[in-house]
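There are two complexes below, and they share chain A, which is joined by chain B in the first and by chain C in the second.
So, the complex of A and B:
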């Protein structure tokens, strides 16, 4: 019973989440006790579903861009050509993580204006770090024997990268993407302070009108999305790890 | 800042070079990173503007190049310093030379931007604002990169890194005290709010450090408990993991209600500062976020204590408590300190969001600035936050390294 209990819980969470997004009105009685007499209990300044989709789209675009750039950079600094950058890139990752997301977001505004763009930039920059770090760790900790064997089999550098190094590193890279996505999902809500259309809008509307139901529904939707995506990527990671035989 | 790279030789003249310099060889060897820095700096100096003059604090301004923004002698002097620094970056040289060149360029840049502000502001005009433009930021980034690279290559011991940090702090402090930046827009934003700034700074530090302190106080025993009582472990860690997925503004908001209820219904709660809005929910939220790293790393640190060490301690007749404090705890300390570093840096960043629920902190300026589209006000909030987070990271990294028994390399990230 223990083995399938979490799966059932997650399935339930998914069903509740979809039901809530499709028909938020039917959950009104649950949230009604949290608000004052005449205040609305369900967000009424836009569709929750479309906000959730926009939220996911923003995170997806930023993570995709971050993944491509971070993996390319990590490959670059682990090739003989780029070894000179290896130590510095590690330092930069360390320094970069000390930049708070709000600061990145706020500082991007003068450069690109309000709206989705500063959010995308902040999520992209913030998402880069975990993915880069993990890719770097994976690529620098591959078993020597495997690399030697590949070299012995006459593989070119490029073949070795594509057929040996990257596939073996994939589970760890996916773990980096997972971390990055969870951070981005939460950070994207802050994007609404600079007028990005995300679920943060619901939370901020709740804070401004002192409406706890708004804050709660916005926060819970983001939390549920994060849990489900985290689990989904963990599953993919496990599958990849089993395939490469490292688990 | 703290990783050991392959090019960390002490003398540092032949870092990672693949081309050889013969005894009579005249072949000039370029530093690859130097080329990147030179390109960045050239772009910043030649194709972007240095300073922006705005008629008032909100409207768009007119940006000008280095020579437009400074009197001729200062403009050319700055260009001279930058060219020398770029040369030092471009060629293979000792990291010390590179570091000195980077510091000189950074000093020249920061002094000139202050001077540009005084030079550009029309006499007697109190509305005009001068801010650094994109070129300044690009140049600052390029030479900060050079400095970071030089320090990485020097691989200084932890004490020296803290010393570098102190020197930088003293230099920045002297710059601020000297008043040479007073013409800059960010300093004008500051001078209008000097009192509030320090109050908010105090609140920010209080929030970040206070919640960290509370998290360590609760998290350490909880971690030790989880280490000893295996069945508890998964439950506690999973619950704390769930907390992390809730976005910070939502958690802040959700806590308003229960804390407001406590304030009105529990006698004495309001007297010790528990309120629905303000510092209390922000403090509790930061505390909850901080628990996971502290508990998880305590568990990992204690689990990593070698069996042999524990057995030996037991063999010489140490009690459970003695073993905990004399063996397990000191051995787990670097991992626990790593958690504290993560939490502190994260808290300093997240405390900015507390401003949204009236919790104060530097976020007040960030969000006011966003609201008024006054970007220099945003900077007034964002820059100290970044500086604070960066400084704590450097100090804690140094502490972690000093406390780790294996002197080189084997630190956990």
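So, the complex of A and C:
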């Protein structure tokens, strides 16, 4: 009975989120007490649904690019010919993480202009580290006897990578992607300071007009998306781990 | 036939295997024994080139093992290791199908082979084929590991302490299975172990390695009768010598005409087992019967003791 409680809560959260995005107006009475007289309680400068979808699209594209680059890089530096680049790529990826996204935006705007592009660059750089580190950890901690058996069976290096190493690393790689996605979902909101279409628009509009309801609904939608996506990816990860016999 | 010709392996100038030469006859079981760090694992890994030799050559049926790429060579040679190394994300059937798959066999042929091997290893194909390795017991995993090594019908099977992780009862069973399978396929087996009982039980010939060199290579009885160095003597053990001799000889060889009372012993049991039976039942002689149950005479305590004595 108790094991079902989290699932029911998540289902409820999803239903409320969808209802809110499809028909924000019906939630107006709930948010009304938070605003001053005559101010709108529900964001009225665009559709919340389309902003949420654009927000997700931005995060998706940035994470996809970060995943491809981070996984490729991790594969490269764990091959015999790539070990020399391990230290270098580690520091490069670490710089990406320590560089504040706001600073990336500031630097990227003059180069690529306003809009979605600088946000994508910032999210991409910010998302690299968790995926890279997790892939690296997974690839370097595979059971020795399994790798030995794969070599002994006569697999070429590429066959071993594709058939054994990557499938066995997948749960840990997905965990890295999960961390990266959650960070990006939150960070994407600041993209709206450089005119990217994200849910940050709602929050910024709220801050500018001193409208607490706007800030709250923007923040809650991002929060709900993050929780649901985090849980979804956790479930996928658990499924993969069970299949590889490691859980 | 495997010809190992003056093979050496050095890591940073330090020899791990030092100028080893030996010839392994086809369809025999050769056991390489030695302490840890004696180079025995490195030696067999040079046969399938998981380790590249620094010097010397290894020829398989006259063909230098460097004449084809390493991965192609390894598809022709079975390889089973301690802790089995099964792929945890693949089912038992997929694990066994690994090498045939790499060789590009047709699906029907692979399926038939997997079924044949599972049956041979007493694992019901329908039950065990779709299972994942972590759903099997240690002994079953080990059997699947050996089945995978044999899937592409290799002439040579290399085994690196394959039974090291098994408990004594399952280990004895696994050794019996291995001998049966070796007879069935006529595979040439090279097995590494540090367990002398296992070596004496399985080997047609034993190679004793010490500090990177082979100090003695010969049939088990020869090692007991005339150990080449004090190290070989220590390895066999003073207290074990008579019993090792009895353990490698069959009761049938000690049988003589005559009668005896009580439960009979089969001719294919070892003389060590006959001795144990004699002592335990307090008899001076046991009736011997052939594998088909035909009486073959008797075996006496005296005859056994004579055979266990130091050869002159």
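Convention: the second predicted complex is superposed on the first by the 245 of 247 C-alpha atoms of A that agree within 3 Å, B and C clash if a C-alpha of one lies under 4 Å from a C-alpha of the other, contacts with A are read in each partner's own complex, and residues count from 1 in each chain.
Throughout what follows, a residue touches a chain if its C-beta (ideal position, glycine included) is under 8 Å from a C-beta of that chain, and two chains touch if they have at least 3 such contacts.
Predicted, not measured: the structure shown is a model, and the values here were computed from it.
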Superposed partners chain B and chain C on chain A - clash or fit: fit
Chain B versus chain C as contact partner of A:167, first or second or both or neither: second
Touched partner set for A:153, first chain B, second chain C, both or neither: second
First, second, both or neither for A:223, with chain B first and chain C second: first
First, second, both or neither for A:186, with chain B first and chain C second: first
Contacts of A:145 with chain B and chain C, given as first, second, both or neither: second
Which of chain B and chain C A:200 touches, first, second, both or neither: first
First, second, both or neither for A:244, with chain B first and chain C second: second
Residue contacts on chain A - larger count, chain B or chain C: B
Touching partner for A:176 - first (chain B), second (chain C), both, neither: neither
Per-pair minimum CA distance [chain C against chain B, superposed on A] in Å: 13
Chain B and chain C contact sites that coincide on chain A, given as residue numbers: none
Chain B to chain A touching residues, read off their complex: 1-8, 15-16, 31-33, 134, 145, 148-149, 151-153, 242, 244-251, 253-254, 256-257, 345, 348-350, 352-353, 356-357, 363, 366-367, 369-370, 375, 378-379, 381-382, 385-386, 389-390, 392-393, 397, 413
Sites on chain A touched by chain C in the complex: 143, 145-146, 148-156, 159, 164, 167-168, 243-246
Sites on chain A touched by chain B in the complex: 34, 82-88, 90-92, 94-95, 97-103, 106-107, 109-111, 133, 137, 182, 185-187, 189-190, 193-194, 200, 203-204, 206-207, 212, 215-216, 218-220, 222-223, 226-227, 230
Complex interface listing, chain C residues touching chain A: 48, 50, 71-76, 79, 81-89, 98-99, 102, 132-134, 145, 148-149, 158
